[in-house]
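Chain naming follows the written order as A, B, C and D, and within any one chain the residues start at number 1.
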Amino acid sequence: MQVNGEFQPTIVAFCCNWCSYAGADLSGTNRLQYPANVKIIRIPCSCRLNPLFILRAFQRGADGVILCGCHPGDCHYTTGNYYARRRMTLLFSMLDYLGIEKERTRVEWVSAAEGGKFAATMNDFVAAVTKLGPNRRLEDLRCSKD
Amino acid sequence: MQQGLKEKAIQLLKDKTVDRVVGWKAGEFFYDLTPAVFHTPEEIEKDFVFSVFSGANLSKYLIAESRKGGKVAAFLKPCDTYSFQQLLKEHRILRENVYVVGVQCDGTCDIEKIKAAGCDGVTAVREEGDGLVAETLYGEHRMSKKDALLDRCAVCKSHKLVVYDELLGEQGEEQDAGRFAEVEKLERMTPEERYSFWRGELSRCIRCNACRNVCPACSCEKCIFDNPDSGARNKAAADSFEENMFHIIRAFHVASRCTDCGECSRVCPQHIPLHLLNRKFIKDIDELYGEYQAGADMDTKPPLMDFTKGDADPSVVYERGGDKA
Amino acid sequence: MQRIGVFVCWCGSNIAATVDVEKVSEVLGHEPGVVFSTNYQYMCSQTGQDMIQSAIRDYKLTGVVICSCSPRMHETTFRRACEKAGLNPYLVEIANIREQCSWIHKDKAVGTEKAIILGRAAIAKVQLNRPLTAGESPVTKRALVIGGGIAGIQTALDIADAGFPVDIVEKKPTIGGKMTQLDKTFPTLDCAACILTPKMVEAAQNENIHIYSYSEVEAVKGFVGNFRVTIRKKARYVKEDVCTGCGLCTEKCPQKKVPNEFNLGLDTRRAIYIPFAQAVPKVATIDADYCRMLKEGKCGVCSKVCTAGAIDYKQKDELIEEAYGAIVVATGYNPIKLDKFDEFAYSQSPDVVSSLEFERLMNAAGPTGGVLLRPSDHTHPKTLVFVQCVGSRCDSEEKGKPYCSKICCMYTAKHAMLCREKYPDTEVYVFYIDVRTPGKNFDEFYRRAVEEYGVHYIKGMVGKVVPENGKLKVQASDLLDNRQLHIDADMVVLAAAIEPDESARPLATMLTASMDTNNFFTEAHPKLRPVESPTAGIFLSGACQGPKDIPETVAQAGAAASKAIGLLCKDHLTCNPCVAEPDELMCNGCSSCEKVCPYGAITYADKEFRGPNRTTLIRRVAQVNPAVCQGCGACTVACPSGAMDLKGFSNKQIMAEVDAICR
Amino acid sequence: MKKLPLSKIDELFKALSAGQKLYIPADDAAGQAKFTVWQEGLALSQKLNTVRSAKDLFFPQVENLVGFKVTGKQIELIESRDPAEPFVLFGVRACDARSFDILDKVFLAEPADTYYKARRENGVVVTMACTRPAETCFCTVFGIDPTEPAGDVSCWMDGESLYWQANTEKGEKLTAGLSMLEDSGEEAVRAQQEKTREILGKLPLKDLNLKGFDGEHMMELFQSPKWASLSESCLGCGTCTFVCPTCQCYDIEEFNTGSEVKRFRCWDSCMYSDFTKMSAGQPRPTQLERFRQRFMHKLVYFPTNNDGMYGCVGCGRCLQKCPISMNIAKVIKTLGEDKK
């Protein structure tokens, strides 16, 4: 999306309900700033994230997609993030293989106590995606806004 | 070889071991064999063919055939047995209704390669020594069998028959013909090069679904791409995104279940090297989670349905990912 | 047609200061499907809730979106409010415009725009929400405790005291476990038997407790509140209810050469035996591997001498099926086998013993009647060497264990102390890597061993033990003084690492309870749910979850009991309605979902479906047990055909949110 | 008849692409022929025919029909059909040329399909005679002469020259602007046709017998038990349909971009399990019925409704591309056996 001439990436952040979503809340409670480009979608566990959702986001105009879940070993459902870890590793590797900028996708483990880490992660991710510019390689021209 | 198979098929029908036989049926030409179900010794005598053009992997037909009542015999080549066993593992085939005859194979041929080699109007091919002689409307044409092999057979992964009730010919060994070379070549490219390579390939896709419908791993009751409720349904690639989407998700859905049988590339009318997508997943899995061959056994967990606490973090992609140029 | 109401909360100035709430409610009011939109100072207040409730009635709302603080804060509040007004609580969605918007943005324009987008996402989702009702499943008010050691006994007693029937399954002929073999207990040095045996008797006499001794769990079906367990009662060839435990048979049995496992093979017993005097139940058991009657069909002495007529050579294993609401695992531990540690000459010299064997040698009820004698020549050992961490904190996997066995430091201090106390003329050396003494009065205890009892603690490992004409030549290094030591010892005692009982792994599979790589049961949460298994209704007691000493074990046993009691108190379990739901028409029955389910909530059934042209066909399809499913969603992604979906977080709902955010 | 030395063919292409798009068969990355927009340096393919037929140019796989925008509670219509521009389609074989007649019967019959009509009117078809037919060719069975292709302009090519023959007004108009063409006799062409016809005489499928594929045998064919074995190994993919020059079934779908709903049409295949699926279910529940539908349509229903014109042109694409090598030739032979 272009806002007065300068590129504003659209970022979708999938957060697991138990750790990362709470971490996001905490960074709010602590008034830790991160760009409004980031919009959070709450999912029960990182293992709920279907690769379809990531592609869907890119199709609909997202420039970056990030998944946040409990630290490995701390999953509320004990094993969810282990599966998510393998799935995302392989998916990201495949996107890279197809020549899609690998910096557009990321996974971070953020606990409910890591409000600071959540904000820092988002700041960093938004900066990285802004540097890349708009998503062209995985966009659907029918949905493009410019 | 062919005679042996015929005799076996006839014997199995005669002694009532089976009621039906799944094999390859003669076509209009020497090369256009069709998978078929034979019911009588007469049909076998008349139409059963096993040749270098018996490329079709028959295992997927057994999903339906094994449920039709009675017992069915199937002739499976080494690579087909992997698909068969993977389907057993997924409870898609009723094992007790299938009699598997394992047949050894030294590679099947690609008629389109033969034609591309200048044999247009080809009417017959005979093996002479290690070469092939093609008779065409415009005269004879020689070529080495190697150049006629299907891509997948040129880098055959295994001559081992992993499951069978009876074996015709020798049991074989797993092979290492460097089937990942092409993947590595792509990995060495820059992202830009890879992007334009895949755009070029995938933009030829006509979404005929041949790759999906022939794939033994794609045996879903209903594919999400056909299902209006999946949110992913699309009948034709209305946008380059949908070309990418279909092939990424298809590869992901079969990842760690795909045995690398190569049927997808064999049947693609547009010659898109789809197996390079599946092989990328296989290569990553081998490198990140330990060597794994789908269909090689009945009990190991597919890597995508398994984990270890020490698995690599997705960020590993940033270091090890392509762009090694 | 959807009729959605949108309620934007100011949260005083928390939201209103950086988000133009007027504008947000105005813009969202124009979203398709929205029929009512408003904003108010405190939506969570009674007035706010009344506002929502009357809107639900007046506008016949089919869905409610509340733009407010985090759902983690007030989702329940608003769901309850809507339920009171007759709207299904799961038709409510929260747009988090405080924690994730107003509090992290300064610019009002930016905040307002984002709030609108978050609101749209919530509206897009609620369009697809379905009313959900939490299911209920009844609870069988009976508990099963697997393992009859101190952990199992304590758990059973606590549950029984709360008034619930509880069964103990113990694979040995008697309950009591490892503790029965111990001599004294640290740090108080009171005798193990004296504190344990009363508990064993108590368990036996408690009418709420039933003990299945010499029995094992054969199969486990069902789920939390409704387990069905098959127990194999092994044939002991003695009628339990008839045997008086007089012990006459155990004296008359001609087969004397049976190694006595209770004394770890340091002496022998008969083929028919009672493990020890205070065994519970005090009933004889015939060891079928040694009984001549059972093997060769001749002998029969025991039945002749048994006045009660309790002997029954024809007895068979018996399978009992029982229903339970909760299961407590208390399978305990064993010292590892020491055959891989030949540098310590364990297999070469009988005078090299494990700590547990040493317990027996010191025990008044032990093979030597509590007099410390060398197993080889029954002489008093003068020099004893204790080696710590044998197989613990070990980097070679095939040899030992990576973890600290935790109890060795303390019982070795105890052993050393007891030697010096009983036999002041002995020299006692302890070789250690570290001495770990966290725990009440533990370090004091250890210091007494050093300061009052003059035990020689040497930091360093023993390299080699060589039996040489009656002595044990111990080569060791003293890391502090950095010198090599050569000690001629009479006895060497090895503090063997402890490992979970070998029955744990197959049991975990039956229970679909998860285990770590060392075969210890894993807890639902390492910090917050330490006595529950991730599998609902399975609780963990004692060393099966990790190395523990007696007080810790008893504490955890109590905790596990109270968790089980909490469960058994309920008549019904209400299940989280946001669970996985398979579409049988789409399901391939491929088991992908089952493989990733951490709870064993997915099973398969062969179902008949209508095929083409009036045919019917049988297909294997997944079934989710809503009482067991916790709603993580792992299965929904593993499922290639998309047949498995998650209620409340369905594929369509999440994609709708994505679309709304990206549009 | 006019001619042009092959050395000058780029000149011709340049001229043809002036003020309009020129499509010629060129080899793609996989070495197969595809109709491609000509630009400097693009070489004419030597392949006998393209994988995707020429129908794509008049009836593309995906085509926007119209759009809708919803603002608040208002709906507005958005004209989104692609602008019809003139183009030249060069190198069409006789079989594909015939396919246009078949498609016309479907799309130009009243009420005419304006999207197709616009493309037909804007397209000039330049055909190319065959000289090296493949073993899979059987256009002659349908009375097509590959050495005498129809079209607005017919061309022949030998080692040195391209021969050019305008047949229609459109063709004349196109020819008028081509100064590089010089007049020529027909000898070379006739000679070449003779040679090609010899080959045609040797084609393995030249004697496919269509006797009895007509309305009066409809039920008999429809009820033939042979469909079961013919269709048993069909994968239900759309390959035959999508490479076929005469298949014309399409579906109309909508795509919601979030800000606009785009209505488009895309090819559909009667081989697909969901083809013409209705709320009541699938009218052709198994692959047998779907498979039968496709061939009954081409060989019986279509000719019955279009005074004997078959819905197949014998291009042989389905013979080459079917993953399991089942095809119309096998169907004709198997069902035909009963007729002889």
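Miscellaneous remarks
What we mean here is this: a residue touches a chain if its C-beta (ideal position, glycine included) is under 8 Å from a C-beta of that chain, and two chains touch if they have at least 3 such contacts.
The model shown is predicted, which means the values in this text are computed figures rather than measured ones.
Counted by C-beta pairs in contact, the busier of B-C and B-D is B-D. If you average the CA atoms of subunit B and of subunit C, the two centres end up 46 Å from each other.
One inter-chain figure worth recording: subunit B and subunit D are separated by 30 Å, centre to centre, where each centre is the mean of the chain's CA atoms. Taking each chain's centre as the mean of its C-alpha atoms, subunit A lies 46 Å from subunit D. With each centre defined as the average position of its C-alpha atoms, the distance from subunit C to subunit D rounds to 69 Å.
For subunit A, residues that reach two or more other chains under the stated contact definition are 51-52, 56, 60-61, 73, 79, 83, 87, 140, 142-143. Residue positions of subunit C with contacts to 2 or more other chains are 596, 638, 651, 655, 659, 662-663. Looking at subunit B, one finds that residues 224, 231-232, 238, 304-306, 309 touch two or more other chains.
Arrangement of the chains shown, judged by which pairs touch: all-to-all, with no pair of chains left without contact. Residues 70-72, 96, 98-101, 103-106, 110-111, 113-114, 117-118, 121, 514, 522, 524-526, 534, 578, 596, 598, 630-634, 636-638, 646, 649, 651, 654-655, 657-659, 661-663 of subunit C touch subunit A in their complex. Chain contact summary for the complex, subunit D toward subunit A: residues 255, 257-259, 262.
Interface residues of subunit D facing subunit C in the complex, by the touch rule stated above, are 70, 72-73, 256-259, 282, 285-286.
Contacts from subunit C toward subunit B in the complex involve residues 517, 585-592, 595-596, 604, 617-620, 638, 640-643, 651-652, 655. Note for the complex: subunit B touches subunit D at residues 27-29, 31-37, 56, 61, 112, 115-116, 120-123, 136-138, 200-201, 204, 206-210, 212-214, 226, 235-238, 266-267, 269-272.
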